[in-house]
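Listed below are the structures to be examined.
Okay, so chain A shows up in both of these, paired with chain B first and chain C after.
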Partner chain A sequence: MPDQQPNKPNGVPDDANTELSSAFPQTPTLGAMEVEGMLEKEDLTHAPEQSTETVAVADREVPRSLWQDAWRELRHNPIFIISGILIIFLIIVAFFPGLFDSTSPLKCDLSKSQNGPTSGHPFGFDTQGCDVYARTIYGARASITVGVFATLGTALLGTIMGGLAGFFGGPLDAVISRIADIFFGIPILLGGLVFLSVIPSRSIWIVVAFIVVLGWPQIARIARGAVITARQQDYVTAARALGAGNPRLMLRHILPNSLAPIIVVATIALGTYISLEATLSYLGVGLKPPTVSWGIDISAAADTFRNAPHMLLFPAGALCITILAFIMLGDAVRDALDPKLR
Partner chain B sequence: MGRYVIRRLLQMIPVFIGTTFIIFAMVHALGDPVAALFGDKAPDPAVAAQIRQQLGLNDPLIVQYGNYMKGIFTGDLGTTFSGQPVTELLKTAYPTTLKLTLVAFTFEVIIGIGLGVISGMRRGKLADTGVMVMTLIVISIPTFVIGYVLQYLFGVKWGIADATVPEGAPIQSLILPGIVLASVSLAYVARLTRTTIAENSKADYVRTAVAKGLPRRRVVTHHLLRNSLIPVITFLGTDLGALMGGALVTERIFNIHGVGYYLYQGILRQNTPTVVGFVTVLVIVFLLANLLVDLLYAVLDPRIRYA
Partner chain C sequence: MGIHATEVTAEHGRGRTADSEDAPLLQVKDLHVEFRTRDGLAKAVNGVNYSVRAGETLAILGESGSGKSVSSQAVMGILDSPPGFVTGGEIVFKDQDLLKLSSEQRRKIRGTQMAMIFQDALSSLNPVHTVGTQLGEMFRVHRGTSKAEAKKKAVELMERVGIPAAKERVNQYPHQFSGGMRQRIMIAMALALEPDLIIADEPTTALDVTVQAQVMELLADLQREYNMGLILITHDLGVVADVADKIAVMYAGRIVETAPVHELYKRPAHPYTRGLLDSIPRLDQKGQELYAIKGLPPNLLRIPSGCAFNPRCPMAQEICRSEVPPLHAVTEADGAPIEGRGSACHFWKETIHG
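Then we have the complex of A and B:
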């Protein structure tokens, strides 16, 4: 063993050996086989050096995974910190709106209709005489719920469909890809106008379901590409040779290695889904009162925008800040997870 | 090239049938066109039955869809509830929307790619940071908010542009709506162009071009841009769908009597033939645009042609 030491690259210590012995528990160490085993070891110890030639490997003893690397990068990214704090704040507002406001968004006084900001009511009143500040605070819940659950839904459905298509290929791939093309062929806003306008009761969950149904092909395409790339890697061949079945290959080997691009696209999509919900509500096919939503408020305020701009500007401002926070988060995550951009 | 075109055309057939069928089925399965015809009043059952018979609503959905498709290929999209043929309505509405979309598309291409090139060439400099921050802000403001604010500022407060678009929609009055419609897509185009330019400017062929002494201008236009624009063109194709959807919003803000306006009216009144007809036509335009982009893609990138 010691004679092998000089050949080894500096940054990769015993760690690689333990990895090796776990992957090949019965490495032959006897007779003529020993040389072969050593050669193999050498190759494997060289390999990680070449493939992960990032600066990070050189300055630390233990090679880190993509996720640790990304997390390290994120912690030092001011954009991530700012958007993270904003998002935590928004989530608190969405869960506990009562903490920030004592008046109810549905308690309105017509005599104050369209009044501007006064003390105690910093954002003024809308046409129905409701407190715009209260409505802005309570509106966070609808937007964030739709954004988060639509993203989770599309990511889940898209990953499953795209993953199956990419993993099995052949006819299944052809079928899933064509189905994805069909849903991709309906522009989402047009589809919203048609589908949601014929559904009489539109709760938050209907809107979420609609976005998932029309939004999954975007993720599926990314997932399919990532899975096809991962499937051709040597570690998958190795795992298959060791007898791993399809489910194990998919869940343990391919999924973790194709997750990064999916997460990136999904995080950026979150912001656009919030914007989409507001646009649908604005067009009158999204959420309906008494649900308090920024889109509904902006839509209602639009007609009298010239006389009472505060009714539109405050909920619109809150909406923009929310979308901005999520898109900034998506940008930061992409920069961290996509080593090509570094 | 020929085989690629044929394969692409064949692939479009199931997509076309699937998309139109989903729209058709959703509208017919979830809404009742006869009840909508009577508005809030309950129809007389006998009359309702007769109308059902007339419109062929008693046939199975597949048969109805088949009849509808037959109509589309012979240029008949049915009649609206007011008795006007849908194609006629489309003829009055579509040119306006087409004009608006073209104005927006021009802004998107010129300003979007221009900003992207500037910022990609000067990565990390002030201009780059400025473009990035600006596009980030534009992306996070929904189109309708940008629309109202710009309409108020330019149209009402400063009086520079028309606040609403008059009948006939002359081009100069469509500039402001066009910018509003293009804004979000424009920001995406700028960002995408920046990324590909920045990536490709380190490529070997660019270095070769610089090394053999070509003027910078030629390196950028003939070598760098030609290669970097391929993903941008793909984006522009899929973005046509977003533009058409966005046109609904923009047309409502600026009171433009285009496809979006009539579509919106049709939805408010549950005028099924109008809605299905208009959306089907828009989807066909979208699919054709994507097909065109794919073919263009093959022209630009020989690797796809010969694959």
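Then we have the complex of A and C:
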């Protein structure tokens, strides 16, 4: 939090002067006209025309919230720019794969099985004779969808559960925290092997739901801690003393002040969820054909790596870049929202 | 203790109740608050009595841990519970006992009929909302005002508490204001719905001295204008002298002395009060060692038996260690009663009359 040092006058002027000058800390351009009239002291304010011409200065003086501060920080972070461009590209690929490829990932020609890259098919063919380029492009959708929706789901469920536990404390906290511990204790891969293998039709949404169910405790712990910290702040007591009820305290005062760590953990988790989907699919308990997924392709390519390395390298490379992009984004967001962690 | 103290309060009440409009706005009777901690029972407030009328300022004076803030939190109904519990007494506000109301009923009273101003205005304002939003929230929560209307009222309020260029500053965040200006905004928030009672918990402690005087003056002005009751909680004897009508001095969860403000400064009737007054630095004492009350404030988990002040008291006798002194009505040397004075000391006569 910014200290009040710069606002405090150093000398010992008379009372009126002190309070008036401290009322305008480093903001000579703001409301310069009114100030001039009130103070009747030209030296404290700049000429009115200056405030209109120095747009850059005025821009810096506009009030900023935590989020605006974070956005400023992000805009100047090269890691954020690189990962942002990559992610925008990946999202376009995921939603409009047709823009990048005219062939279908499911149109396969067995006679071209495991053929290397040729003209028109830059990534070659897989064992079934399908175009690896097409499959890599179409595979983005599964990864991004699972990553984004699993993150949204865990963040939502985790924030609600952790928030309630942190706000009300006592028995409710004990119950929610123990439930979270139970889910937290299940190794996510083992859980996948056990639970997902008994579900015959595994769509994207089944995988998302599985990750949400096992992933929310991580967010809930962070949210609980953040809410407990925020709840003890003086402004919450002050709001209560002025008649705010529980829902208002939670939504208006506590939630916005505990969101930053939740967002940080959630963005970093996004990359992990994408790799988790690929891992589950690789193990054969994630997505199933005919869904196109990098994990499925990597799994199929692993057996024939020595004969046809292109089958493995392209989907694996795409997966790496995607995860890297999201983890870099998470890092940049963390730097912007929680500078102390750097 | 409880019985005697009530007698004193009742006596004062009878003298004034001829005029029904003069009935106290807030009357705290034999209030007990305890904290159930892992280390045991901390008795923070042990039978406190006071009353405030409309337009009157009561200063509650005491050092840290004397129970002055806790008793006012109990009045507001914002005591953290657990661990804090009100275990006895009555808080009568406008003829109804607040302790008998539901938490929802009490919430509706907060902000509209009684409001509180806190010590550190920076941490008492939410950093993620602009001051305009926070001021406007008062109207939106309690009055259901529209957003635009609430903002207009926020600007009016900011002008009312003397914030220049309010129209521009209404969209700024708390950290962009100076300490004095933030406390003015806190005051504006408390005043927004024109409550009948304001509790100010050390409103000037976090401010530097020049600004302190301005904020106190503003508070006193607004109190006069709206004819509010004001409870001023402080440990600063200087702040009290100018604005308070009467003073209650607290020690270890009890009121040890009550008096009209100038009476108290002129001739304290409790050794603790005398110690406090003697420890104010004075210009004519230059070069001498400053007086200090020896010892430490008592641990609330183990309050000394008898008079809680006895281990630190220069006048302590055997009776002070065994018997809790009731709040005696203080009289002149010839026995004539003094309006509003009480002292919880076995030797109040010796203290006040030498």
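The rule is short, and it goes like this: the second predicted complex is superposed on the first by the 277 of 342 C-alpha atoms of A that agree within 3 Å, B and C clash if a C-alpha of one lies under 4 Å from a C-alpha of the other, contacts with A are read in each partner's own complex, and residues count from 1 in each chain.
Simple rule for what comes next: a contact is a pair of C-beta atoms (placed from the backbone, for glycine too) under 8 Å apart; a residue touches a chain by one contact, two chains touch by 3 or more.
Remember, predicted model here, so these are calculated numbers, not experimental data.
**Q** Does the superposition put A:328 against chain B (first), chain C (second), both, or neither?
**A** The answer is first: A:328 touches chain B but not chain C.
**Q** In the overlaid three-chain picture, which partner chain does A:199 touch, first (chain B) or second (chain C), both, or neither?
**A** The first partner, chain B, only.
**Q** Going by the contact rule set out at the top, does A:188 touch chain B (first), chain C (second), both, or neither?
**A** first
**Q** A:309 contacts which: chain B (first), chain C (second), both, neither?
**A** The first partner, chain B, only.
**Q** Looking at A:148 after the superposition, I want to know if it touches chain B, chain C, both of them or none. Which is it: first, second, both, neither?
**A** In the superposition, A:148 contacts neither chain B nor chain C.
**Q** Could you say whether A:253 touches chain B, chain C, both of them, or neither, answering first, second, both or neither?
**A** second
**Q** So in the superposed three-chain picture, is A:233 touching just chain B, just chain C, both, or none of them (first/second/both/neither)?
**A** second
**Q** Taking the contacts chain A makes with chain B in one complex and with chain C in the other, which residues are shared?
**A** Looking at chain A, the two contact sets are disjoint.
**Q** For a test of understanding, state which residues of chain A touch chain C in their complex under the given definition.
**A** 1-2, 4, 7-8, 12, 15, 18-20, 22-25, 27, 30-31, 34-35, 38, 63-66, 170, 233-235, 237-245, 248, 252-253, 256-257
**Q** Sort out for me which residues of chain B touch chain A in the complex.
**A** 11, 14-16, 18-19, 22-23, 26-27, 30-31, 136-137, 139-145, 148, 152, 156, 195, 199, 241-242, 244-246, 248-249, 252-253, 263-264, 267-268, 270, 275-276, 279, 282-283, 286-287, 290
**Q** List the residues on chain C that touch chain A in their complex, please.
**A** 76, 78, 82, 104, 107-112, 115-116, 118, 120, 122-130, 137-138, 141-142, 163-165, 167-169, 171-173, 175-181, 186, 189-190, 208, 210-211, 213-214
**Q** Over in the complex, which chain A residues touch chain B? Could you list them?
**A** 178-179, 181-183, 185-191, 193-195, 197-199, 271, 275, 278-279, 282-285, 298, 302, 305-306, 309, 312, 316, 319-321, 323-324, 327-328, 331, 340-341
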